[in-house]
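Shared between the two complexes below is chain A, which pairs with chain B and chain C, respectively.
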Partner chain A sequence: MSAEEVYEKKLLDHLSDFFLKGIVKIIDSIRPGWSVRNKSKIDEWRLMFYALNRSPTGIVGLILVASFILIGIFGPLVAPYSYNDLLVFKNTHYRFIPPGGRGPGGEIFLLGTDDYGRDMLSLVLYGARTSLVVALLVIILGAPIGIILGLISGYYGGKIDELIMRITDIFLAFPGLILAIAFAATLPDRIRGLLETNPWLQNIMLSLFSLDPADAPRLANLLSVIIAIIIVWWPGYTRIVRGSTLSARENVYVEAAKAMGMGSWGIMIKHIFPNILAPILVILTLDVGSVILLEAGLSYLGIGAQPPIADWGRIVYDGSRWLIRGYWWLSLLPGIFILLTVLGFNLLGDALRDVLDPKARRSIEFKLKKKKR
Partner chain B sequence: MEICKPILEVKDLYVNFYTYAGIVKAIDGVTFTVCEGETFCLVGETGCGKTVTSRAITKLVPEPGRIEKGEIIYHTPYGKINLLELPEDKLREIRGKEIAYIFQDPAAALDPLYTIGYQIAETMVEHKTVPKWKEAFIKAIDVLRSVLMPDPEKRVKAYPHELSGGMKQRSVIGIGLSNQPRIIIADEPTSYLDVTIQAQIMDLLRKLKNEKRLTIILITHNMGLVAEMCDRVAVMYAGNIVELGTVEQVFKNPLHPYTKGLLRAVPNPLTKIERLEAIPGTVPNLIYPPPGCRFHPRCSYTMDICKREKPRLVEIEPGHHVACWLYSR
Partner chain C sequence: MAELKRFIVRRLVTFIPTLIGVTLLVFIIANLIPADPARAWAGGEKASPEVIERIREEYHLNDPWYVQYVFLMKKLFTNDIVSPRTHNKIWDDLIFGTSQGVAGAGTKYGRFFITLQLTLFAFLYIVFIGIPLGVLSALKKDSPLDSAVRSLALVGVSTPVFWLGYLLIYIFFVRFRVIELAGFPEPTQRITGIMVIDALLLGENDIAIQIINRLALPAFVLGFIGIGVIARITRNAFLETWNADYIEFGKARGLRKSRLMRHALKNALVPIVTVLGLQFGGLLGGAPITETVFGIPGMGRYMIEAIRNFDYPALIGGVLLFALIYMLANLIVDITYALIDPRVRY
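This part shows the complex of A and B:
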C-alpha cells in the first residue's frame, strides 16, 4: 500500500477509503479474487477520491448530488402524503399553512401546505423523483445518440462528417428552449396513442415516476417534454465527441488496431470511446443540471407536467400567483431545491473535470506528496 | 544463394498524398519481391517512403494518401491474391493474421486502458484463432513467454504504463505474433529503445524467424542493423528504390552514388578518420520532385541524361539491381 505511506490524509480521505473498501469487499464476495487482480485499478480510484477530497466545492457538489439522488429514489416512499392528497377538501384550514405550522388536526407540516392543502414536503419529494427520472431518461436515451453520431463523424471524416455536422448545426442554430417548446407542444397526441396501445410501457412509466394510475393520461405531456429535450440536446454531444474522436483516432494504437485487422466499429467502441470517456463524463454531469433546469423551465411555461403531477417547475409556477399575497413558501421552496440541485451538479462537474484530467490530477497528487516532506 | 520462393511482390507502386500545399508524390514506382523465410530490409533516410511503402502493402496508407497504381501480390499456399483489389473485409482477415505489423514506438502502439494480456487476446479473438476470451487470456501467457517476457504470468495482467520500454516492445511483438502470421513488417522496431535492448529485441526477432519460418520485412535507417539482420536489402531514396541486392552485394560493392554516400556516412570502427562524410544537399521536396533521377541534384556524377530521364532498376550481377544511368546505357 504505497499510497498510504506517501499521502497525508485528512478525515475525508479516511472516509473515502472506508467507502471504497466496503465496495471492494462487496465485489470481492461476489467475485472472489477480484481485488487482487484489479489492485492497480483500486489504487487509481483511491487517488481519484483523494483528489476530489481536496476540492471543497466538489465535495459540496457531491453531497448535493447524492442527496438529490437519494431523495429522488426514496422520496416518494417516505413522503407523509401523496402528491394528490388535496387536504383542502377535508378541511379548508389546511390551506396555506406556513412552514413548520400545525394543521387543524395538530399535525406538523415541515414545509407548509399550498393552496389546495397539499403537503409541500411531499410535493418536493415527489418532484425530486420527477426531475431525477426525466434527467436519467434524457441521458440514457439522448447521450448515446449524440455520442454515436459524434464517433461516426469524427472517425470516418469526409462526407459523412460533413453531413452529420451540418445537421447538428441546424439543430444548434435554433434556440434550445424554443425548439423544445415546439416539440413539446406537438408531440403529446402521438405519445398518448403510443401509450394506449402499449399498456406495459405506460405501467413502467407510472411506476418510474411513482404516479397514481389515475394520472396516466397526463403522462403523455411529461414524456413529450423528455423527447423534446433529447431532440434539442444531442447536438452538443455530437460536437464534443467528434472533436475528441478526431484527436483520439490519430493515436498509434488506433493504427495498430487497424493493422491487426480490427473493424471500424470495434476500434470506435473498444479503443476510441473509452479513451475519450473522461470529457464525456464531465459534460454529462454538468448537463444533468441543465436538463433539470430546462425541464423545470418548460413545466413553468405550462408545457411539461400537468397538475396534479408534482414537478418542481410546475410547483414554482402554481405558487407564483400567491407570492404577492405573502405565501412565499409555495414557489420559493421548490425554487431553492431546483437551485441546489443544479448547483450541485455544476460543482461536481467542475471538480470531476480536474479529477478526471490526468495532468490536473497529478498536480494535485504532487502537492499532496510535497506537504509530507 | 537459395532459390527465391516469392511470398510478396510489390509491383510498380505509386502513392500520392493530396495535401493543401500540393500533391506529394511519396512513392514513385516501387517494385520489389520478398522471398519466403528471408529478412528483407528497406533502408533510407527519413521521409524517403519506407513507412508508406510498408503501410501500402495492406492498404493502410493514412489520409490524405492514396494508392494510385500498382499491384501487391501476396502468395498464399492456395494461390496469388492482389491485396489492392481485395475488398475491405477480406483484407481485414489478412491484416494481423497473415501480415502483422510491429510499430516504431511501443509506448504509443499499446492502448493505455487495457492490459497487455487483453490486447494480445483481442488479436486472437478478432481473427477467431482462439474462440473464447478465457482461452485467449491463457494463450496470451504463452505468447508472452515466446517473446521472452520475464514473468509472463504476472505481466499478462499489467497495463502498458507498468512496463519498461523493452517489455512494451516485447508485448507489441507478441501482439504481432499471436496469430502466427507469415509476414511480419517491423517498422523501425528499435529506434525508441536503447542499444542493449535493441540487441535483445533483434536477437528475439532472429530467433523467432528461425523457429517459426517467418518472413520479416524490416524497415530501418540504421545501416549497422541492416548488415547484421538482413538477407536482402532495398535502398530507398525519395520514393524510389535506387539499389537492391543481397547484404554482401550492397555493402561490399555499393553501386549507386546514394548508397555509397550512405555507407560513407556510417562510422567504421576499424579505420581512423577525421570526420564523417555527408551527402551534400537535402532531400528534395516531393511536391516538385526533380525531373529525371530524383537524386541528381545531390549526386557528384550527374550527367545530362540524369536530369531528363528516370533510370530504371537494372540487374548488374545476379540479384543485384541498381537504378542509375552510370550502369545502364
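This part shows the complex of A and C:
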C-alpha cells in the first residue's frame, strides 16, 4: 500500500517526504542501490510519517520537542547575556526586574532578572542546553546497557536471566529518586579526579554544556547526576526489552535463522532487535521526558548542577527563596519550560505508540483507502 | 485461602534476598565516598583525634567493609545504633518517635509516619478525584470532558512536582493567605500513628483541622501525577467493562443505571487497584521533593539530610524501610486481586 492510495497529501506530508528523501539519498550514497532493494520499507516509513502528520498530539509534541532541541543547540549562542553575567555588580537596579521590564540602561528583559541581576531568558536558554545534553548522554550511554542486558536475559533465559532479573529487582525495589540522590551525592569526588587527569574529557564536556572554563570544577556534580540517572534507569529498560525479546524469540524467522546456523548474537542483533525496535523507540521518547524531569528534580534538591551553572531545576530552587516576597518569575517561569519540554516528549511518545503499531495503523489505513475509492 | 497463605509466605521469603541486595547496594554507594565519615560526624576539620578515634571504634569503621555491613545490619535489627547526626536511635527517628527531637522540636511520631500521613492524604485525592473523573470521562466518551481528562494524565506526568508546589504556594499563600506553611501541630497522645486520626480520637478537633490545613496542599501536589494516571486507567477499564455482555444483559433486564455502573466499576477494579498500588510506591518516591518544597519533616527529607551528612546508618535504615514498604505495597496489591476478583487464584 503506498501513501498516495490512502491519504490526500497535505503540506506536512510534502515536508516529511522531503525529509525522508534526504535520508534515503544519504543511505544510497553509502550503500548504492539500497532504496531499490528496500522499497517496501521506505513505503512503510512514509505511511508512518503520514499517520503522524494526522495526529494532533503528535504534531504538538513534535513542535515542542523540536523547539526544545533547537533551543538546546542554539540557545547559548543567541542568548543576550552569559549565564554568569551578574549584572547586579554593575548596577543594583538590575535586580528583580519583572518580565518585560526595562533595565537602568533602557534594555528590555523579556523574562526579567533574578537576585543577581542575571537575565532569566539567558538562563532558560542555557538551561535548555544543560537538559538536552544530560538527556542525550543518559540515553546514549544508558540505553545500550539496558537493551543489551534485556536481549541477553530474554534470549538465553535460564540462570543468566534469573541473575539479571534479580539484580533489576534490587534496583526497582525502592524509589529511583532516592537511589539517584545517593549516587549523585557520592560520585562527584571520584569524577573530579577523573576529569583532572583527563583534560580532554573536561574540555569536551565544557563545550558540550557550553560552559565557561572557570566552571570546570562544577562539572563533576553535573556528570555524577548523569551517571546516577543511568544507574537507576537501565533496570526498567532491561525489563521491557526482555519482555519483548521473550515473545520475539518464539517467531518462525528466529527458528529459521537458527536452522541456517546463525549465531546467537547474530540473531539478537539482526532479527530480534529490529523487531522490538518500535516499543523501544516509544519508551525512549517517553523516557527522555522523565530523564529531564528526574534531572531537574535532583538539581532542585541541590544535588546536580551547582550555581552559577544554568539548570532549570536549580534555577527554580534558587528562585524559590524569593517567592514569598512576590518575585514569582524567578521560580515559576523556568518551571514552565520544564513542563512544556517534558509534555512534548510525552505527547510525541504517545503518538508514536499509535503510529508505530502496525496493526492499529493498518486498520485505519484500510478504512481510509476504502473511503477514498 | 490456604493457597493464598502459601503464596504470601512464598512472597515474603523472596523479600529477604532483595532487602539484603538493596542494603548492600546502598552500603557500597556509601563506601564510595573517599571522605572520612568519622571526621564529618565528629564535626569536621576541627574535631579532636580522640573523638574521631572513638567514633571509628563505635561504628567499626576500621574493620573491613563486610564486617561493617554485618555489624550495621545486626544493630539495625535490634534498634541499637545511633545516628551520628541526630544522636537518636535510627528506628526512633523513623518509626517510634523521639522524646527530644531533631530540628528544634521533639516528636512522638517517627519520620515515617509523617510521610505516611502525607501519602494517605495524597491517596485520598487520587481515589476521590481520579476514579470519578475516569468514570465520568468514560460515560461521556469523546466529549470535551473526555479529552480534558485524557490530557490531564499527560500533563500530570509532565509536571515538575516542585514547580507545581511553588505555583500553588504562590497562589494560596503569597497572593491569598488561605494556608499555613510553618509549624506542625501534634495531638497530645500517640495512638495509631496517624496524627489526624489520633487528634480526632482524642477529640482535639482544632489540631486535626490545623493538620488538614497544613497537609491539604502538599498532598494535592504529591497526588497530582496520580490523579491523572488513575483517571485514565479508570476510563479505559470502565469503557471495557461498560461494553461487556453482562452489562448489556443488565440493560435488557431494565436495571437502573447506578446499579449497572456499580457492576461495571467492580469489574474494572483489577487494573485500577494495580495502578493504585504502583502509585503508592510512586508517592513515596515523590515525597522527598514535596517535603522539601513544603518544609515537612518526613522520611524523604530525613534521607536527603542523611545523604548530605554522610550519615550511612540512617541512610541504610531508611532505604531498608523504603524497600520494605514498596514490596509490601506490591504484595498487598496482589492479595487484593484475590479479594476483589474471585476468578483470581494463587
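Basically, the second predicted complex is superposed on the first by the 332 of 373 C-alpha atoms of A that agree within 3 Å, B and C clash if a C-alpha of one lies under 4 Å from a C-alpha of the other, contacts with A are read in each partner's own complex, and residues count from 1 in each chain.
One rule holds for everything that comes next: contacts are C-beta pairs under 8 Å (C-beta built on N, C-alpha and C of every residue); 3 or more make two chains touch, one makes a residue touch a chain.
Everything numeric here is computed off the predicted structure, so don't read it as measured data.
K.L.:
Check the residue A:Gly266 against both partner chains and state whether it touches chain B (first), chain C (second), both, or neither.
P.N.:
After superposing on A, A:Gly266 lies in contact with chain B but is clear of chain C.
K.L.:
Going by the contact rule set out at the top, does A:Pro80 touch chain B (first), chain C (second), both, or neither?
P.N.:
Neither partner.
K.L.:
Of the two partner chains, chain B (first) and chain C (second), which one does A:Pro175 touch, if any: first, second, both, or neither?
P.N.:
After superposition on chain A, A:Pro175 lies in contact with chain C alone.
K.L.:
Could you tell me if A:Pro144 is touching chain B, chain C, both of them or neither one (first, second, both, neither)?
P.N.:
Neither chain B nor chain C is touched by A:Pro144.
K.L.:
Under the stated touch criterion, which partner chain does A:Val252 make contact with: chain B (first), chain C (second), both, or neither?
P.N.:
In the superposition, A:Val252 contacts chain B only.
K.L.:
Which of the two, chain B or chain C, is in touch with more residues of chain A?
P.N.:
C
K.L.:
Just to be sure I read the superposition right, which of the two partners does A:Pro199 touch: chain B = first, chain C = second, or both, or neither?
P.N.:
Neither chain B nor chain C is touched by A:Pro199.
K.L.:
Once the structures are superposed on A, label A:Thr186 by its partner contacts, choosing first (chain B), second (chain C), both or neither.
P.N.:
A:Thr186 sits against chain C, while chain B stays out of touch.
K.L.:
Flag every residue of chain C that touches chain A in the complex, lowest number first.
P.N.:
By the definition above, chain C touches chain A via 17-19, 21-22, 25-26, 29-30, 32-35, 154-155, 157-163, 166-167, 169-170, 173-174, 281-282, 284-286, 288-289, 292-293, 300, 303-304, 307-308, 315, 318-319, 322-323, 326-327.
K.L.:
Looking at the complex, which residues from chain A come into contact with chain B?
P.N.:
That would be residues 37, 40, 157, 251-253, 255-263, 266, 270-271, 274-275 of chain A.
K.L.:
Could you please specify the touching residues of chain B with respect to chain A in the complex?
P.N.:
58, 60, 62-63, 89, 92-97, 100-101, 103-105, 108-113, 122-123, 126-127, 157, 159, 162, 172, 175-176
K.L.:
Spell out the part of chain A that touches chain C in their complex, as residue ranges.
P.N.:
Result: residues 166-167, 169-171, 173-179, 181-183, 185-187, 189-190, 289-290, 293, 296-297, 300-301, 313, 316-317, 320, 323-324, 326, 328, 331-332, 335-336, 338-339, 342-343, 346-347, 350 of chain A touch chain C.
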